[in-house]
């Protein structure tokens, strides 16, 4: 076989393998979507679509949006808004505080800077699971249990954010630029807002997304901190759906779709920033 | 005060950092210190505490359920490591080939489970591995036309494989991205030189690609281990809060949660947390040592 | 100030799409939440786990809130049916976090243990002893029925039931054989009377009928029998007392029923289809029957309708106790509830209502623990399932004598240890062929109970709140 043919064959084989793997990855999504449209009786009938007399042997008319409407009746709309609120609030405040602190630690000179940097970056070693129990106790004593503040406040000061932004500032913000701005009479705040922030735009976008995702998918914190059903986000609400007397599969499927769709959309819009933000830490290491 | 006064800069620096510092001290430093004291107490809810000294740790050492949790977590961690990472690396290699069409689409597809998030993937996984109606059994039965496969009770008899499979689906794409980025940073001139020297693809892989990818690989391995050792949401949602028959699906953090928030003993939970922290800090220190060693060798 | 604002606006120009999207999500969701007024519920919340209870209480509660109108200030009672694990976890997380849960929670005996795990001050339910006494209810309640919900003389829940235990037997078979089982006042007499029925007339190598359905794997029945005979697993202070002489003797006797070739007991599953069939076939003559078991049989074993009769349990010793107790539910009032008085009034109405007591008895054969209700004619109604016996009155007769039970959270574990002890003893007796002597069983029982005692003590020393220290 000529090398030309060989490489064509190997490329086809490659594509075949990739297609197979991609199918395996995508199959659950398809199953999820279709199952969320099935009624209770139909759930066990076919693997994907319920068999019937319609086009392609599928009973198209037995597909239903009932599961989704049932979700609304069960208060899932509220859970969705809660998720959006918690995730976006956490993202905004965590990003802003981390950016400010990261910038200061990177560029400002003051006594105690080294110590503070060490403490903050050193805390990255602490596994979050160690803090679960004492944080709960702290929130109890502060009277913040079952409160939105109790859930959100601890997320506003992530050391990881400071780590990322300090690095981003060091890489993207030249000292000379800051000095020049100062000479021109710009205030410190002005320097931060007008000079620095634009230069670290990619990191801001990436970190917003990271924090948003993190809070959206956070399960253990709201589970522990929040008690009222009206405050619970999708992550907790969906887990509770699972533990009822008889599992309503279609409902659970629809709930999953609802919980995943917003994030998927967000990501599709912002994917480049996300991936670049993620990998900047590792590869430049 | 003149704008150029260094004092003003310092004032700004502190002012800018204060919100972060306050929150950091309250919600990170204080709980960290407190966790040490908590571990010396037994509690029944945060209101009721009694000092017990080192008793929690003594009990922990003799606690068969705790050791079962450690064993499970380690099996899961190593299983994931040795299955997930080679797969991720292999995928990255395949996707890295120069003339591959649709690379970014494939990349997105493999990465997409990460977007769903651990919690929702766990819910989906629980449904997919259900006995009769689940996707997995249905597919297996369809492929092999063996209807008895529908009855495989994953969540009763094969908990660990189920956990590993689900996390495979979830994390392979994630790790692949790291490897892909690393591969794209491999010095092409080195590769070309090797090719000219007559090195075949396997040789090139072994002597050029792998060494230059090693730092990222180390990072990914450690990240993966740290994440795996803290596994909680997946088994918790899959098994609905308990460890499954014979505690087969009990992980360390799950045991921490059960003790702290179902039995109310935050002290014992803190002790479990410290045991885990020691394992993780040990790992982190190993990473730092390895990175230092790499740098020293260069 | 204006300076800062200008700066902020200037910097906004540089923000990327992502930032805009997330920022607007933040604003929109925040605004939405601010305007969604939280319906601060004026309603009383009640959690139950039994569908039967939900069915029984709902019409009554509706009636009450309609009648009350201005009296209860228009408060509705919201009844929620939750699964047992859901009740347990929500109840406990509410207790631990000091957060409001429901105003009334029904808990069953198997689940309530967790509530008593900590020190008495930390019990999440209110101490209703004084209230009960003040309203004269304390004496109205069948005294021993308070025990599983009480610690150190303080009661933390309203008992929902009594659950006395009688012996239910296949009267059709015994009467056909000319045996009057009601003459048996002790277990010895009982087994002697039924020996003729054990004959192997159908020559299949096994006795035609075993006298008693009972096995060493049935921990609830073991506990029931030991309590009947005066055995106790914990003392009044919650200290484990497994390894006592009387426990050993009782355990040995119980195991002897299942041991050897001449065994008088047989293993029939209590809740499975196979077990129900065995009941119809008459594999065993007599069964340990708490009041609620009657309705289970009525639902699942119609084949024995009209063939059964009830009698008080044969005693272990002449003149001994002729009943026992199994299972139970209580209604608790969380301390975090702000509507205790309202909840109390509602609960008392529900629990002392003759109407509900009647429905409870008619639907699920359960007798109320409120003594003043025992005069109700419903309990005297002949029950055709049990050959027209007035079984309600029969259970009521035995109610004051039911044994006291411990509220210790370790009770269930102790019962499991006892079960394991019984299984071990049975296995050991199978090895040595031939007859099994009671005295050797007693010796074995002592050893096993000592082991069980240390196991429970070990568990309890893990809990610094129990005051049990390892030596």
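When the chains are written out, they are named A, B and C in that same order, and each has its own residue count from 1.
Here is the rule we use: a contact is a pair of C-beta atoms (placed from the backbone, for glycine too) under 8 Å apart; a residue touches a chain by one contact, two chains touch by 3 or more.
Not measured: the values here are computed from a predicted model.
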| item | value |
| --- | --- |
| Label of the chain whose CA centroid is most distant from the centroid of chain B | C |
| Pair joined by more contacting C-beta pairs (A-B or A-C) | A-B |
| Centre-of-Cα separation between chain C and chain A, whole angstrom | 45 |
| Cα-centroid distance, chain A relative to chain B, in whole angstrom | 16 |
| Chain A residues counted as touching two or more neighbouring chains | 140, 187, 189, 243 |
| In chain B, residues with contacts to at least two other chains | 46-47, 241, 261 |
| Junction residues of chain C, two or more chains touched | 85, 93, 97-98 |
| Residues of chain A that touch chain C when the two form their complex | 78, 81-82, 84-85, 87-89, 91-92, 140, 145-146, 187, 189-190, 193-194, 197-198, 201-202, 204-205, 208-209, 212, 227, 230, 243-245, 266, 269-270, 273 |
| List of chain B residues in touch with chain A within their complex | 3-4, 6, 8-10, 12-14, 16-17, 19-21, 23-24, 26-32, 34-35, 38, 43, 46-47, 91, 94-95, 97, 99-100, 106, 108-110, 112-113, 115-120, 123-124, 126-128, 130, 132-133, 135, 138-139, 142, 169, 173, 177-178, 181-182, 185, 215-216, 219-220, 226, 230, 232-233, 236-237, 240-241, 253, 256-257, 260-261, 266-267, 269-270, 273-274, 276-277, 280-281, 284, 291 |
| Complex contact set, residues of chain A against chain B | 11, 14, 17-18, 21-22, 24-29, 31-32, 35, 43-44, 47, 97-98, 100-101, 103-105, 108-110, 116, 119-120, 123, 125-138, 140-141, 153-154, 156-157, 159, 162, 182-183, 185-189, 192, 213, 216-217, 219-220, 224, 235, 238-239, 242-243, 249, 252-253, 255-256, 259-260, 263-264, 267, 271, 275, 278-279, 282-283, 285 |
| Footprint of chain C on chain B - complex, ascending | 42, 44-48, 50, 52, 55, 59, 241, 261-264 |
| Residues of chain C that touch chain B when the two form their complex | 85, 89, 92-93, 95-98, 114, 117-119, 121-122, 462-465 |
